[in-house]
Amino acid sequence: MLVNCVAYQNGKKLGDIPVAEISEYVTRPECFVWVALFEPPADEIDEMAREFDLHPLAVEDAHKGHQRPKIEEYDDSLFVVLHTLEPVSDAVDTTLIDGEVAIFVGRNYILSVRHRTKKGFNDVRARCEREPELLRHGSGFVLYALMDTVVDRYFPVLDAMESALEQIEENIFVRNAARSNIESLYALKQKLMLLKHAIDPLMEATGKLYGGRVPQVCAGMGEYFRDVYDHLHRIHGTIEAIRDMLTTAIQVNLGMISLAESEVTKKLAAWAAIIAVPTMLAGIYGMNFRHMPELDWAFGYPLAIAAMVAFDVFLYVRFKRTHWL
Amino acid sequence: MLVNCVAYQNGKKLGDIPVAEISEYVTRPECFVWVALFEPPADEIDEMAREFDLHPLAVEDAHKGHQRPKIEEYDDSLFVVLHTLEPVSDAVDTTLIDGEVAIFVGRNYILSVRHRTKKGFNDVRARCEREPELLRHGSGFVLYALMDTVVDRYFPVLDAMESALEQIEENIFVRNAARSNIESLYALKQKLMLLKHAIDPLMEATGKLYGGRVPQVCAGMGEYFRDVYDHLHRIHGTIEAIRDMLTTAIQVNLGMISLAESEVTKKLAAWAAIIAVPTMLAGIYGMNFRHMPELDWAFGYPLAIAAMVAFDVFLYVRFKRTHWL
Amino acid sequence: MLVNCVAYQNGKKLGDIPVAEISEYVTRPECFVWVALFEPPADEIDEMAREFDLHPLAVEDAHKGHQRPKIEEYDDSLFVVLHTLEPVSDAVDTTLIDGEVAIFVGRNYILSVRHRTKKGFNDVRARCEREPELLRHGSGFVLYALMDTVVDRYFPVLDAMESALEQIEENIFVRNAARSNIESLYALKQKLMLLKHAIDPLMEATGKLYGGRVPQVCAGMGEYFRDVYDHLHRIHGTIEAIRDMLTTAIQVNLGMISLAESEVTKKLAAWAAIIAVPTMLAGIYGMNFRHMPELDWAFGYPLAIAAMVAFDVFLYVRFKRTHWL
Amino acid sequence: MLVNCVAYQNGKKLGDIPVAEISEYVTRPECFVWVALFEPPADEIDEMAREFDLHPLAVEDAHKGHQRPKIEEYDDSLFVVLHTLEPVSDAVDTTLIDGEVAIFVGRNYILSVRHRTKKGFNDVRARCEREPELLRHGSGFVLYALMDTVVDRYFPVLDAMESALEQIEENIFVRNAARSNIESLYALKQKLMLLKHAIDPLMEATGKLYGGRVPQVCAGMGEYFRDVYDHLHRIHGTIEAIRDMLTTAIQVNLGMISLAESEVTKKLAAWAAIIAVPTMLAGIYGMNFRHMPELDWAFGYPLAIAAMVAFDVFLYVRFKRTHWL
Amino acid sequence: MLVNCVAYQNGKKLGDIPVAEISEYVTRPECFVWVALFEPPADEIDEMAREFDLHPLAVEDAHKGHQRPKIEEYDDSLFVVLHTLEPVSDAVDTTLIDGEVAIFVGRNYILSVRHRTKKGFNDVRARCEREPELLRHGSGFVLYALMDTVVDRYFPVLDAMESALEQIEENIFVRNAARSNIESLYALKQKLMLLKHAIDPLMEATGKLYGGRVPQVCAGMGEYFRDVYDHLHRIHGTIEAIRDMLTTAIQVNLGMISLAESEVTKKLAAWAAIIAVPTMLAGIYGMNFRHMPELDWAFGYPLAIAAMVAFDVFLYVRFKRTHWL
């Protein structure tokens, strides 16, 4: 689906243009064309490939979809794949939708193709059009703006993960929470791996957009792309820290399960003793020996009961003291 | 076994040629010869070595087989070893056959030797012959086409592993599934290591086929080999992610086993108490003291039974509430 | 809040100056201005940005706050973010407040912005003013002095962690301390990750302030910044060592829990046997067979009791010997 | 002990020479001398040091023995230390003897010193003498031949480890094999570390014998040493894979132990219930209440027994169904 | 405390000189001064700093002490910090004292400052004075001799750790040794981390004293410092191997604890059954039904006892066979 197809000149919007005229605008040196597609059918991509003269390997990747995040240089154009992660709902344990944005950037065009994402980039376009002095940098600046937006959208996802971890951490030493803790920890780990998968290859690739040898379209924008890199690096650092804490939390949770087991065993042992001792005594006075003087005593029975109670009180106090009960 | 032996000129098939004439075609500058062997006997390899003038160390490796994946440069020729992984059946838990393809590439020849693989490369040859404008690049392009095909065949294997992991993950918190989970996790890990073994050295080696100093036969095809590298890198990333999740899943499974044990112990303790208390009471009224007033009561027996039931109901409710039962 | 705003010339204090005159002093070649802010409102930052002509991306970061530690170069100025970690109280298990200091450094100005920190840098300023021969180096030396101070303040935090670890290690083989140990270990790990988060990116960045290509403002001060780097590296090494020991300690603690469980089970088994054997004997002599000669013996009862005691003494001694009791 | 002392010229054997004449042959440009020692006494090494003019630090290492594998360059000579691993017997769980070979190589000499190894290098010498066209390369080729032989001898050791792992893997899910599994896993790990210790430093060092700047004696033999490197790299990869699987196998084994424990507890609980229920019923009918109508019934006793049996059958079926029995 | 203060010329001892004359000797080109201090008071360090004109940052570090091992270059002098590890006693489980040696080296002086170490370097000085041809290299050679000595003193410490590990490994599969094993493993890990802390930063730093750009004072002694590096690398490798084995040993020990627990549970279950079955039978014949024909049989009692014994023998044999007993 074609979302927008707009031509810009010197940072200012010229107006929407028909797709068939793209190839004409692209040749004007001071112009650039910015096209946005959303889940386009195969022939729409092919049409764009013809208009913009895109590299066949990049086009093939766009057709197939499900690419890992990357930035590839084809002659003087770039092919960028970003992943988006959108929560399905506002719940803490919501699942994440793993969307994809493919961006083709040349000296005077930029084409974005979204897949499986709800949020578009209309706000990016609006902001860019409000800042013509920056938009004058051309397609490189738009690329920065798009990447910056996608990366900034990771932060709430990351924050939600940190909150989820904190919530689990609060429960980790609570008795009887081990099962739900372990399920939450595993679910969190799964989401974290998704984010890691979106971040790590991108970080690596973005590191090549500033500093030494930089692709032509990004020239002169090093500080901007370093800023994106910096954000990615920060997310990366936090992911690694969460991952490390998750591993520790799972180990600790395992320890808590063993501890709980140990406490149950102690309780079982204590109560078993408290019940078994009177049972043994009762068994003794239930023996049928002819000569058992206690049986004939007037207070034999109450004394026996008293002995049982006394034993049990003694045991109970002892077990309480050693924290078996 | 000789599968094919074909000469090409300017990207077009000249026709099948006898093995003995290879050395002649190889000297023609605009020609190249593409030979495919399948599990050849030793003398067939030696014959090829003579016709193509292959490097003795590479030939020795081809004789021995069981090489790790690699790309070696001998003067201006390359020796490439790839591993193939083919599922024995369509079952989820099928084992994988670890096959091997050795490829000798020179400026105007390419020789592939398959071992322990079912699928050949006839489709690669057919596609190449349909695209003479690409085949004109010569043996370097054929090398790319073969590597691309082998690497693309890893994806269904990887997808099957991801599905297997997801299937285990669905069962991981199911009670009484711990044994089958742990067996599946271990089997999956074994397969994953096989794939890792096929991918990692190859990825490392492929990284040298584009960018800086590139072997002569791959010159001008950097973007193609980078594409192969990119696929390998993607597989590598997914393998690492699966590996990480496997480690976590094994830990979590261990936790679930401990939890299950803990729950069994609780149940055991609860039922033990429910049985032991009436047994103790019965023991007490089974004592043979002469003076036990309760024994003579008309409702002594029903009262005793009622006491037992009451105790047990009390215990049952309590254990239910604390989730021991 | 403006803490200080002072101009210096040739290492000597000229005096406090009004904010509006900063831009004037900054242009004098032999002068530099050192401004300290504490949790400034947005417009105060903007005013400084205008006076010092700061880079918009750096200013945006200062507005947002919550940056990871970093050193960024904008043309011939630097933007440095440091984290501070201050214990809330003197208790061993006190939580740490994660504060932030942003520093803008140019050839003849230095602006520090503190957030969420109690301790300021008045002592740094005082020391610098006492050493005019060093202060003559200009803003680069002040940057060193500030970084050195922030880094030196990590050491007591690190020492407290080492003490905490030692304290846990003393308890790790103590019986019944497993629960509190595991809680302490987890809390320590959380704090350690906080410190790691403050140190690691900073160490990486500081490594670029000496040696090869160095930012202009740090020129000629390589030995000083290497000293800071060396301190950070030392902290980093200690963090890694603590982390490693923590992992081992958690594992060992898990082992101690299992051992304790094992010992409880042994005790349970031993006492169960000691009670069950007399119960069984009593049960046997409680049977109602008509012909049980022992029942009629004059010493039947005492003999039975004696047998029970004998059995139990035997069991008790045996269990003692095998350390089940 | 002197094993051999032979002079070669243009790849052909000149004949055995007395030790005292070594220094003379070494000066002839077209000659080289190949000496093999086995566990030589200190003065024999010193004599060689004089004849070959070896570097004192290398000689000191040879005296001390127990060096880690390494390749050191002293001016235009090399000092190489290799470890050999020989199984004591043919048993799967045989221990390995960790031997050592020190090699001194100069432009026209090669001296090998074996320690604690059974197998010598007579086969290497024989093969070299059969291939004079290769031996013409001089001492560099002999070095390659020795290293290649030592490295090739690691393969059967590695294969034995892989077999051992497979054998353990077959047993890992077998009940009651946990103890022997864990012992085998640990023993395997120990051997693996021994091999790793022999391989890793050597791989690192061998990587410097081809490619960029290469020691003089190895010049022009890059492809051969890369082949040795490749073998070492392959072994390294397999070691890492085995190590990873070992870690997983130990974890899984721990899980199997817990599972087995869990199953024992279930069985214990089930049988306890099956015994306890009749015991309770018997206890009830063993009470001495005067008014217990069931006691006087003609079929009271058989009914009671029937009730016990019925309960137990019910329990048995239930436990079977839930797989507690 | 001043230990020695000696001037050397052309590798020969000139004689002890008073501290106040150091600055004079230092200026003579063919001389160098070698001073050894042991736990000097602050003013003694300051005096040396003046005499040798040491760099203030290095002096500050020497004052503070508790530096991590490092080698720092200040203009054409070096500041080296080494850690020493001395066992308190000869016992296997002795603790280690973590001492420190700071060394200041310039073109014609070397100053060593020892802290918390028993062993001094008189043997180094004596050996150096016996080898004037080496001592002629000047302060660089003395630095090598000191570093070599400190590093060589790590070997017995490392050997003691390897012995300790072997001793634990012998006990690891012994029953009932789990607690002492785990304590030993943890203590060993602590010592290992101490050694790692002493080795790793030093190895990194020593790597810069040979090869490419080398500090002036070490020029021409590359082979010597590489030898030190090689020793450090060997220790490093062994530390990593021990660390890996320790981790495995702790895991295995955990497995042994679980196994032992499992065996106790089996034993408990087996004996419980052996006791419970006769108890149940006795309970049945203790019931008070009027019509229980067995009770009136002449051989009822012996038969009942026989039945009990038979059951128990059956159970005992079965449990023995399944290794529960």
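Letters are used for the chains, namely A, B, C, D and E, taken in the order the chains are written, and counting of residues starts over at 1 for each.
What we mean here is this: a residue touches a chain if its C-beta (ideal position, glycine included) is under 8 Å from a C-beta of that chain, and two chains touch if they have at least 3 such contacts.
Note that the structure is predicted; figures quoted are calculated from it, not measured.
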(request) Moving only to chains each one touches, count the minimum steps from chain D until you reach chain E. (result) 1
(request) State which chains count as neighbours of chain A and simultaneously of chain D. (result) B
(request) Figure out the least number of contact steps between chain B and chain C, where 1 means they touch directly. (result) 2
(request) Indicate whether more than half of the residue numbers at the chain C-chain E interface occur in both copies; give same if so and different if not. (result) different
(request) Rounding to the nearest 5 degrees, give the angle of the rotation that lays the CA atoms of chain C over those of chain D. (result) 145
(message) Can you work out the whole-Å distance between the CA centroids of chain A and chain C?
(response) 25
(request) Could you tell me which residues belong to chain A and also touch two or more other chains? (result) 251, 254, 258, 261, 265, 268, 272, 276, 279, 283, 286-288, 292
(request) Make each chain a node and each touching pair an edge, then name the shape: line, ring, star, complete, other. (result) ring
(request) Beginning at chain B, go round the ring through chain D first and name each chain as you reach it. (result) B, D, E, C, A
(message) Show me the residue ranges of chain C that touch chain E in the complex, using the header's touch definition.
(response) 169, 172-173, 223-224, 226-227, 230, 233-234, 237, 241, 244-245, 248-249, 251-252, 254-256, 258-259, 261-262, 265-266, 268-269, 272-273, 276-277, 279-280, 283-284, 286-292, 323
(request) Would you mind writing out the residues of chain A in touch with chain B in their complex? (result) 55, 57, 67-68, 70, 72, 74, 176, 178-179, 182-183, 185-186, 189-190, 193, 196-197, 200-201, 246-247, 250-251, 253-254, 257-258, 260-261, 264-265, 267-268, 271-272, 275-276, 278-279, 282-283, 285-288, 292, 294-301, 304-305, 308
